[in-house]
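Next come two complexes, and both contain chain A; in the first it sits with chain B, in the second with chain C.
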Partner chain A sequence: MSPLTLLTMAFTLMLGTTITLMSTHWLLAWMGLEINTLAIIPLMIKQNHPRAVEATTKYFLIQATAATTLLFAATTNAWLTGAWEISQVMHPLPTIIITMALSLKMGLAPMHSWLPDVMQGLELKVGLVLATWQKLAPFSLLCQIPNSNFTILLGLTSIILGGWGGLNQTQLRKIMAYSSIAHLGWMLLVMQLLPSLSLMTLLVYIIMTFSLFNIFMINKTTNINSLSTSSMKVPVLTTLTPLILLSLGGLPPLTGFLPKWLILQEMIKQNFFMTATMAALSALLSLYFYLRLSYNMTFTIAPNTSTNTLSWRLNNKNIILPTATSMTMTLLMLPLLPLAAMPLF
Partner chain B sequence: MSIMMCLSLVLLILGLAFVASNPPPYFTALGLVLVAGVGCLALAILSGPFFSLILFWIYLGGMMVVFGYSAALIAEPFPESLGSGYVLGLMISYMCLVFFTAAMVLHFYDGPLHLLGEISSFNMVQKDAWGVALMYLCGGVLLVLGALVLLLALFVVFKLTWGMSFSVLRPV
Partner chain C sequence: MIFTLMTFSFMFVLGLMGLTFYRTHLLSALLCLEGMMLSIFMAFSLWVLQMESDNFSTPPLLLLTFSACEASIGLALLIAIARTHGSDRINTLNLLQC
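Let's look at the complex of A and B:
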C-alpha cells in the first residue's frame, strides 16, 4: 500500500470517529460509523491473502448490518417521537434496537462471534486498531442514549462468554478478541450506573491492550507455542509480560485492578449484589487464560542456563518508547487512583 | 388508491420472500427489481413521488450492474425458480413466518397497519420536494460531508480492486 493511501485511510479513520463523537444528530453519528468502517477496510485487506480477504468481508458485512439497523432504529425513533437527537431516544423500541446494533458493532456477547474470527485474519497492528480505536465511536453513542438495565444484562453475558470462549484457544489474536469482549462487558456493566467510570475502564483497557499487542508485535508471535521462545528474543520484556497479563486479568497491585474494583464497589452501592458476584466470578475465567499465556511464556522456563543459544538480535526497529510508556502505565497506575477523585478535570 | 397501496405492499412482501428463498441469480435480480418497483410505488402513494422517482432510478442503475455481474459469473444451464421444491418450500415457510408476525402484530396492537389510513391522494404540497428544498437551504455542510463519504467509498473500491494478479478480484 502506498504511503499516501495509508495516510489518507488512517486520517479518515480518525475523522470518522471524531464525527461520531461530535455529533448530536443520528444521521451524522451513522455517517461517522460508516466512514470508520470504510476507512479500515483497505488497512485490513493490505496483505491480500485469502484469510485477510475473508476477515475483511465478514467485518464489512457485520458492520454494514449493524449500521443499517442503527439507521433503521433512528428513523423509527424519528417517526415515533419526531426527535433526531442522540440523547432524545425515549421510546423503548428504538432504544433496544439501537443498543443491539451498537453491541453488534462492538462485538458484545450475544453478537460477539464475528470478532474472534475477524481478528484472527488480521495482522497485529490492525487487530490493535480493531480492538481499541474502533470501540470508541459505538461506545460514545451507547453512553449517550438513556438505557435501562438491559446493558447490565449485555455486560454480564459478555463477561461470561468472553471468559468461556477464550478458554480453549491457542491463537493469541483470538484470545485477545475474547479478552476484548470480556472487558467490554465490564464497561457495559457500569455504563448506566456511572458513565464516567465506564469511560475510565475503556481508557485502562486501551492502555493494557496496547502494551500486550506491542509485546506480541515485538515477538512476532501469533500463537502460544511460539510465545514460549520469547525469553530468547526479549528477556526483559518476557519477565514483565506476565505482570501485564495479570493486569489484564485484574489482579490487585496492578492497574487492571482499578476498574474492576471501582465497578464492583459501585454495583454493590447500588444494590446489584448478585450481578456483582457473578461478574467477579466470571472474571476468573478470563484470568485462567491470561494465566495460561503467562505460564507458557515464562513459568515453564527453568531458572538456569538455557541449552539454547540466544537468538541473534539486531537493532530493534519496533516502537519502543510507546511500548515502555504504556507498559509502565499498565503496571503502576493504581496508586494514581486518588487523582480520579480530585477536581482536576 | 387504497387498493393500489394494498397491492403494492402485498407484492413487496411476496417479492422479498421470493428474493430471500435463494432462487438462481437471474430470478433474484428480477425479484429485486420487482421489490424496488412496488416499494417506490408505495412511497409515491404515500405522498413522496420525488423521492420514489430518485430511488427507482438509482436502484435500477445498481440492479443492472448486479444483474450483469451475476449473469456473467453464474453458469447455470437450467435455472428454475419456483418450480424447484427447495425454493418453493423456503418461500412458503417465509410466508408462514410473515403471516405469523402479522397475526402477532394484529393481536398485540389490535388494529390494521396504519399505513393504509394515512393516504391522501389530493395533496397540494409535495412534502418531499419541500424537504429537498430545506436540505439544500440549510444542510450545506452535511451535503459536502456526504459527498466526501461517497468519494471515500470510491477510493476504497479502487484500493480493493486495484491490481489484477494479487488483489481481491482475480481470475480463478
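Let's look at the complex of A and C:
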C-alpha cells in the first residue's frame, strides 16, 4: 500500500470517529460510524492472504449490520417521538435496539463472538487499532443514551464471558480480544452510574493494551510458544512484561488496579453488592490467562543460550519511544491517577 | 402513520432475519443488507413527505450515497473472497475459528 493511500485511510479513520464524537443528530452519528468502517477495511485487507480477507469480510458484515440496525432504531424513534437528537428522551424499544446494535459494534458479551475471529486474521498494528480506537465512537454513543440496568447486565456478562473464553487459547491475538471484551464489561458496569469513571477506565485500558501490543510487535510473536524465546531477544522487556500483564489483570501497585478499585467502590456505594462481587470474582478468570502468559514468557526457560531456531534480531527502532512511554504509564501511573480523577468526586 | 412505521419495520426485520438465518452465499447476505438500507431509505423519504419538512430532504440522498459506498465495498470483498477461497459460500469462511 502506498504511503499516500495509507495516510488518507488513517485520516479518514480518525475523521469518522471525530464526526461521531461531535454529532448531536443520529444520522450524522451513523455517517461517522460508516466512514470509520469503510476506512479501516483497506487497512485490514492490506496483506492479501485468505485469513486477512476472511477477517475483513466478517468485520464488514458485522459492522454494516450493526450500523444499519442503529439507524433503523433511530428512525423508529423519530417516528414514535418526533426527535432526531441523541440526547433527547427516547422511546424504550429503540433504546434497547440501539444498545444492542452498539454492543454488537464494540463486541460486548452476547454479541462478542466475531471479535476473536476478526482479531486473529489481522496483523498486530491493525489489531491494536481495532482493540482501542474503534471502541471510542460506539462508546461515546452508548454513554449518551439513558438505560439504567440493561448496561449493567451486559457488562457483567461481558466480564464473565471475556474471562471464560480466553482460558484455553494459545493465540495471543485471541487472548487480547477476550481481554478487550472483559475490560469493556468493566466500563459498562459504571457507565450509567458515573460516566466519567467509565471514560477513565477506557483511557487506562487503551494505554495498557497499547504497551502490550507493542511488546508483541517487538517480539514479533503471535502465539504463546514463541513468547518463551523472548528472553533471548529482548531481556529487559521480558522482565517487565509480567508486570504489564498483571496491570491488565488489575493487581494493586500497578495502574490497572485503580479503575477496578474505583468501579467496585462506586457499585457498592450505589447498593449493587451482588453485581460487584460477581464482577470481582470473574476478574480472576481473566487474571488466570494473564498469569499463564507471563508464566510462559518468563518462568519456563532459563536465561541462557537456547538451541531453538531464533528469529532474526533486527529490532524495529521506530516503536521504542512510544513503547517506553506507555509501559511506564502502565506500570507507575497509579499515584497520579487520583489527580486526573479529582473532578469525579 | 402507524401503518408506514409498521411497513418499514417489517421490511427491515425481514432483511435482518434473512441476513442472520439464511447463511449460504455471501451475495445473499449483501442483498439482505441492501434491503435493510432501502427500508430505511423508504422511511426517510416518507418522513419528508409526511412532515412536509424541506430541510430534511437531503438525508435520503445522503443515505443512498452511503449505502452505495457500502455495497461497493461489499462487492469488492465478495471478489476478494472468491479469489482466495474459491467460492462465495459462507461456510468456507472457517479459517479463523478457535
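The rule is short, and it goes like this: the second predicted complex is superposed on the first by the 323 of 345 C-alpha atoms of A that agree within 3 Å, B and C clash if a C-alpha of one lies under 4 Å from a C-alpha of the other, contacts with A are read in each partner's own complex, and residues count from 1 in each chain.
One rule holds in what follows: a residue touches a chain if its C-beta (ideal position, glycine included) is under 8 Å from a C-beta of that chain, and two chains touch if they have at least 3 such contacts.
In this text the structure is predicted, and so the values were computed from the model without any measurement.
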| item | value |
| --- | --- |
| Touching partner for A:336 - first (chain B), second (chain C), both, neither | neither |
| Partner chain(s) touched by A:58 [first = chain B, second = chain C, both, neither] | second |
| Contacts of A:8 with chain B and chain C, given as first, second, both or neither | first |
| Residue contacts with chain A in the superposition, chain B compared against chain C | C |
| Partner chain in contact with A:320 - chain B first, chain C second, else both or neither | neither |
| Contacts of A:39 with chain B and chain C, given as first, second, both or neither | first |
| Touched partner set for A:31, first chain B, second chain C, both or neither | both |
| Which superposed partner A:281 touches (first chain B, second chain C, both, neither) | neither |
| Contacts of A:167 with chain B and chain C, given as first, second, both or neither | neither |
| Partner chain in contact with A:90 - chain B first, chain C second, else both or neither | neither |
| Chain A residues contacted in one complex by chain B, in the other by chain C | 27, 31, 34, 38, 41, 45, 48, 53 |
| Touching residues on chain A, where the partner in the complex is chain C | 27, 31, 34, 38, 41, 45, 48-51, 53-58, 60-61, 64-65, 68-69, 71-72, 75-76, 78-80, 116-118, 120-121, 168-169, 174 |
| Complex interface listing, chain B residues touching chain A | 142, 145-146, 149, 152-153, 155-156, 159-160, 163, 166-168 |
| Partner chain B, residues of chain A touching it in the complex | 1, 5, 8-9, 12, 19, 27-28, 31, 34-35, 38-39, 41-42, 45, 48, 53 |
| Residues of chain C touching chain A in the complex | 1, 4-5, 8-9, 12, 16, 19, 26, 29, 33, 36-37, 39-40, 43-44, 47, 59, 62-63, 66, 69-70, 73-74, 77, 80-81, 84-85, 93, 95-98 |
